[in-house]
Amino acid sequence: MAGSTMGHMFRVTTWGESHGPAVGCVIDGCPPGLELDASVVQRQLDRRKPGQAKSSTTRREADVCEILSGVFEGRTTGTPISILVWNKDARSGAYDDIKDLFRPGHGDLSYQARYGIRDWRGGGRASARETIGRVAAGAVAGQLLFNNGIEVRAFTLALGGVKADKLDMEVVSANPYGCPDSEAALAMDARVEEVRKTGDSIGGLVELWIDGLPAGLGDPVFDKLDGDLASAMMGIGAVKGVEIGAGFAVTDLKGSESNDAIAPEGFLSNNSGGILAGISSGARVVLRLAVKPIPSITIPQQTVDIHGAPATIVTRGRHDVSAIPRILPVAEAMAKLVMADHLLRWRAIQ
Amino acid sequence: MAGSTMGHMFRVTTWGESHGPAVGCVIDGCPPGLELDASVVQRQLDRRKPGQAKSSTTRREADVCEILSGVFEGRTTGTPISILVWNKDARSGAYDDIKDLFRPGHGDLSYQARYGIRDWRGGGRASARETIGRVAAGAVAGQLLFNNGIEVRAFTLALGGVKADKLDMEVVSANPYGCPDSEAALAMDARVEEVRKTGDSIGGLVELWIDGLPAGLGDPVFDKLDGDLASAMMGIGAVKGVEIGAGFAVTDLKGSESNDAIAPEGFLSNNSGGILAGISSGARVVLRLAVKPIPSITIPQQTVDIHGAPATIVTRGRHDVSAIPRILPVAEAMAKLVMADHLLRWRAIQ
Amino acid sequence: MAGSTMGHMFRVTTWGESHGPAVGCVIDGCPPGLELDASVVQRQLDRRKPGQAKSSTTRREADVCEILSGVFEGRTTGTPISILVWNKDARSGAYDDIKDLFRPGHGDLSYQARYGIRDWRGGGRASARETIGRVAAGAVAGQLLFNNGIEVRAFTLALGGVKADKLDMEVVSANPYGCPDSEAALAMDARVEEVRKTGDSIGGLVELWIDGLPAGLGDPVFDKLDGDLASAMMGIGAVKGVEIGAGFAVTDLKGSESNDAIAPEGFLSNNSGGILAGISSGARVVLRLAVKPIPSITIPQQTVDIHGAPATIVTRGRHDVSAIPRILPVAEAMAKLVMADHLLRWRAIQ
Amino acid sequence: MAGSTMGHMFRVTTWGESHGPAVGCVIDGCPPGLELDASVVQRQLDRRKPGQAKSSTTRREADVCEILSGVFEGRTTGTPISILVWNKDARSGAYDDIKDLFRPGHGDLSYQARYGIRDWRGGGRASARETIGRVAAGAVAGQLLFNNGIEVRAFTLALGGVKADKLDMEVVSANPYGCPDSEAALAMDARVEEVRKTGDSIGGLVELWIDGLPAGLGDPVFDKLDGDLASAMMGIGAVKGVEIGAGFAVTDLKGSESNDAIAPEGFLSNNSGGILAGISSGARVVLRLAVKPIPSITIPQQTVDIHGAPATIVTRGRHDVSAIPRILPVAEAMAKLVMADHLLRWRAIQ
């Protein structure tokens, strides 16, 4: 409730600041008997590591995880799983000159208002580095989902105005932008290069699919599957919009168009995005996320200092040009955490 | 956790089915000393009553609320507030012929999958009638927010393709569609009439403002203010998309465009929608909701029965042409519940 | 969290004050498909009704329950079950002369300190009448437990110094004190009569058994089965002590005496009270509760008024001489709620 | 809910097994601005270290804590505080010969029943070593309580049949048993020595005081202060009974004896133990805990193996003769965690 825990049955708490000693998570409620070792977690962490696409920061961190509890002889024991990653390459000196300034688009001002104190080094708790804990936990949830035939995939639909025209899942992992359209991926790369030179940043659009979900997951009326997914996705730093199925397009549809007709073999369309009245219908769950540009840019910006006096800020340090593609494993992890939680809740009433 | 409770400090549980004896809510954690009587709640319930705009069902219910606990001599006592509304005009016979069919766009199929049993009369628990409990609770939350200078307003930006061109808050309550553009409201009325004749239904777009919110409300990293608002809004039956501030428009912006510059007198734009890193910034909170068309239409639709056999369904009964405008007080209530909860959480750490 | 909700998966919220319009509860998370109608609940409510033993108040209330939601065609649907009992025989005038006084042993002073306002009529929320909601919810939990072969029984070990020497379960329901020793029950009756004449009240000792519980229920390390039971029992108004298995007797035992040896056919003793490391062992769960005398007595007592001035108070109204035997169905209900919750949690990880 | 988290506003999750890489905790919801560094935590951890009284194991662990997050420049920031202690002196080989046996009085059998897998080395998660996380978190809670003038003290009333006759708080920290009676402490020492030679273990009685608590803390009706304290104390491995105020003695009292009369200067007795109707009254909170003998003894015991076959077990390894005195800082920590949580909840409604 203090904000760093999500889930009820499959319950995850993340902790850590960008430039503190370490970041990590504790997963409580993971069923016993799942195969798990550090390599399973490391594989997902490696996907969110910087430096893989041109859009990412060049800060190099090994980000090697250690599992400190809850696993015995290669299997989960049902007790809390604590996972830790040390912060190694933290050049906090880079932030000295902005420690009294509020960076536009960042949480500096709002954290200061809430707590009256903040770790200003690299965004502190509001840093994207906090998502290491989420991705690690998502990797554990992934083991549970895999055993139940549930698959979660996120990919890039648009970046800096460049849109994917094809949905070829085969090529998603073959380009650094996680784009289902190889040509668009090349254009994204050029766009990133172009924007980087100007010191600016760009946003984009991410789509996420959940397949293999049985019908019947989700609790009415406040813990709906779509409500929990919306919360999870909007809880990712850069996300400013979430839509499910037809999403915002429904505003111009008629009921006869937006209703998904049902045949013995299944739904004939998927405007509902796999969720009816907050409960999975058995169809693919489809989400789209609006990803804002990284707020850290090297172009001078107008702001105030912590005393309210006007100032100009130029963000230095190493920063991504876009949260895409590193946001993809984070979005997947969040979806996995929601699914794992609802899977366990569902079992309880069977 | 079983789904019918929201909030942690200001905690609301709703209960009841469309055609059961009654619907209602219990509010636990409301601070003592707030002025409250049934008329405060009734005023909000009257706003969501059917039959006020042409788009609404002609089912007539007095929907008179009774406060059964938690109030003494006109003030809240800090103990649970139980509010009840009897179901009176429930013609469940209207549903007899579809009790074995899954209505497209409704929760029939997913509820059946989840529970193996469902109250098929009028949508049961998934009926919009459940929102009576939410609106009643929101009225109580409203008393707390009012005392703290916080105001929540929802209005209609678009309905069935008709868009508001003006944002004149003065006229919102002067037309039955809650539209800030009087001319658009007239066009909406015509559009509704036209669609009603075809037996179809329409969707629309709702905007919601929260004003007077101090900076500093919201918990990182999973109970973010935007995350909780997204969950609350997506938890409204007809909502398929939620965006905050610039929303989906951020996908095409650059950081230098989307960052809100800060001056001593405040933010110079509001692309963030009043929330930075999940915590209120002091600027107006702005949300937009994509509202799908009411799934109940009188046009024949393809479906299956509970045994999986193909069938054709024609929804009878009395139904709205659009969830708009009755969704407006529901959206406001949900926002109020989230704000009341975060206000109390924030007090705890002051 | 605001205090009126217990359980996570099988989640119960009670509401209502002694002299308000009604009292009741909402049960969320009850599995679908359980047989349930009002008579199942009424049977338990009748057990806690006043006027059955000499020790009870002569306030006569029908206490007829109504189930308002969550049940369809005689079975639970998985949605919230709302149960209501109207307050009918509430002579609040009897409390007028003590509305500004703090009754010793009651919650008057502490409620005033917490909320700055209180419904002083008949104890308000702190009245034993609130337990109607608990007993009603416990009856629903009982249906779930019955289907799983779990039985909960409470009985009176001692009352006003009179102790049961036999544990004859056959006679527990055959005497008004729920005592497993018929002769002791007669002596208790005499003791109650004697104390009533003096205007005083008496305490006693209750034992509770849970049988049929499989090994493996309970969560380490904070939601232990014994921790949750202790909380549930201590949460009953009159209870000042809870012990499990050998309880306080362990303080004088050695490990070789207190450890329960294990044989292929089961444990050879039950000092652990059926719980090891917070998890059920498969043996009978055994609890004992210390029940304080009813604080309402007609003997004048020294107190202060709400302004802090000294005063003398004589409690009028109708009051029990002891919380026993009416506390028995309450204790059973609380144990059933804890068991139902842990049963569902356990299922989630199977 | 999965069991390793306690508290709502001041929320603590512990993790770790006896012979895993480390143990620790995460504290979420700690207010910002509290002075905190590792030495504050270390001081409490040192109190629960083995080897200080004759009753303790000779396993030597530095148990040096590291604070990994949530503290910046010597103050809490309001974000999660992660604290870790490495396991260094873990001779797990000592457990090899009992890995297939269920030790009487331990959680081996019940953990196996629940999870179907267990880390059998040194008790795994059920080890007393888990309490390091609780004590560390309690130290943080202690900073909050200290700033609010609240003091928590636990001491030993009895050990192995030796009872304290005096309550001299001055000497509690002057003897290794935390006993308020110096002579009794000497007798306890002799008793421990005597029992150790027989390979057996002993139980005892602990009392706990909470002073400085304002009236008004605690939530009715399920999150009562006494209910939460009972749960917290019963959640300590060795505790089999909890009583508050007069406790089990109330069973023989009359109302005129057990009610605490109220005078302008305060209560004239404290049979209620500082709690009325679940809410603090302003008087000292008084609890007593029944502590069972350590189940690990070197005397041969009858048991079964994991296949159900009869066996004899002799526990080797290093073990305490009694959970006393090391349980004292654990009991204090648990009480502090409950108080910190209720303090924050109380603030929310002020």
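The first chain written gets the first letter, and so on, giving A, B, C and D; residue counts start at 1 in each chain.
As a convention for this text, contacts are C-beta pairs under 8 Å (C-beta built on N, C-alpha and C of every residue); 3 or more make two chains touch, one makes a residue touch a chain.
Just so you know, these numbers come straight off a predicted model, no measurement behind them.
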Touching both chain A and chain B (chains): C, D
Chain pair showing more contacts of the two, B-D and A-D: A-D
Intercentroid distance (Cα basis), chain D paired with chain A, Å: 38
Separation of chain A from chain C, taking each centre as the mean of its C-alpha atoms, in whole Å: 46
Cα-centroid distance, chain B relative to chain D, in whole angstrom: 46
Residues of chain A whose C-beta touches two or more other chains: 1-5, 8-9, 14, 29, 32, 78-79, 114-115, 125, 220, 345, 349
Parts of chain A lying in touch with chain C, wherever the complex brings them together: 1, 8-9, 29, 31-32, 78-79, 220, 344-345, 347-350
Residues of chain D defined as touching chain C within the complex: 1-6, 8, 14, 102, 104-111, 113-115, 125-126, 130, 158, 160-161, 195, 200-205, 214-224, 226-235, 237, 240-264, 268, 271-273, 275-282, 290-297, 299, 301-304, 308-310, 345-346, 349
Touch list for chain D against partner chain A, complex: 1-5, 8-11, 13-17, 20-24, 26, 28-30, 32-33, 66-70, 72, 75, 77-82, 84, 114-119, 124-125
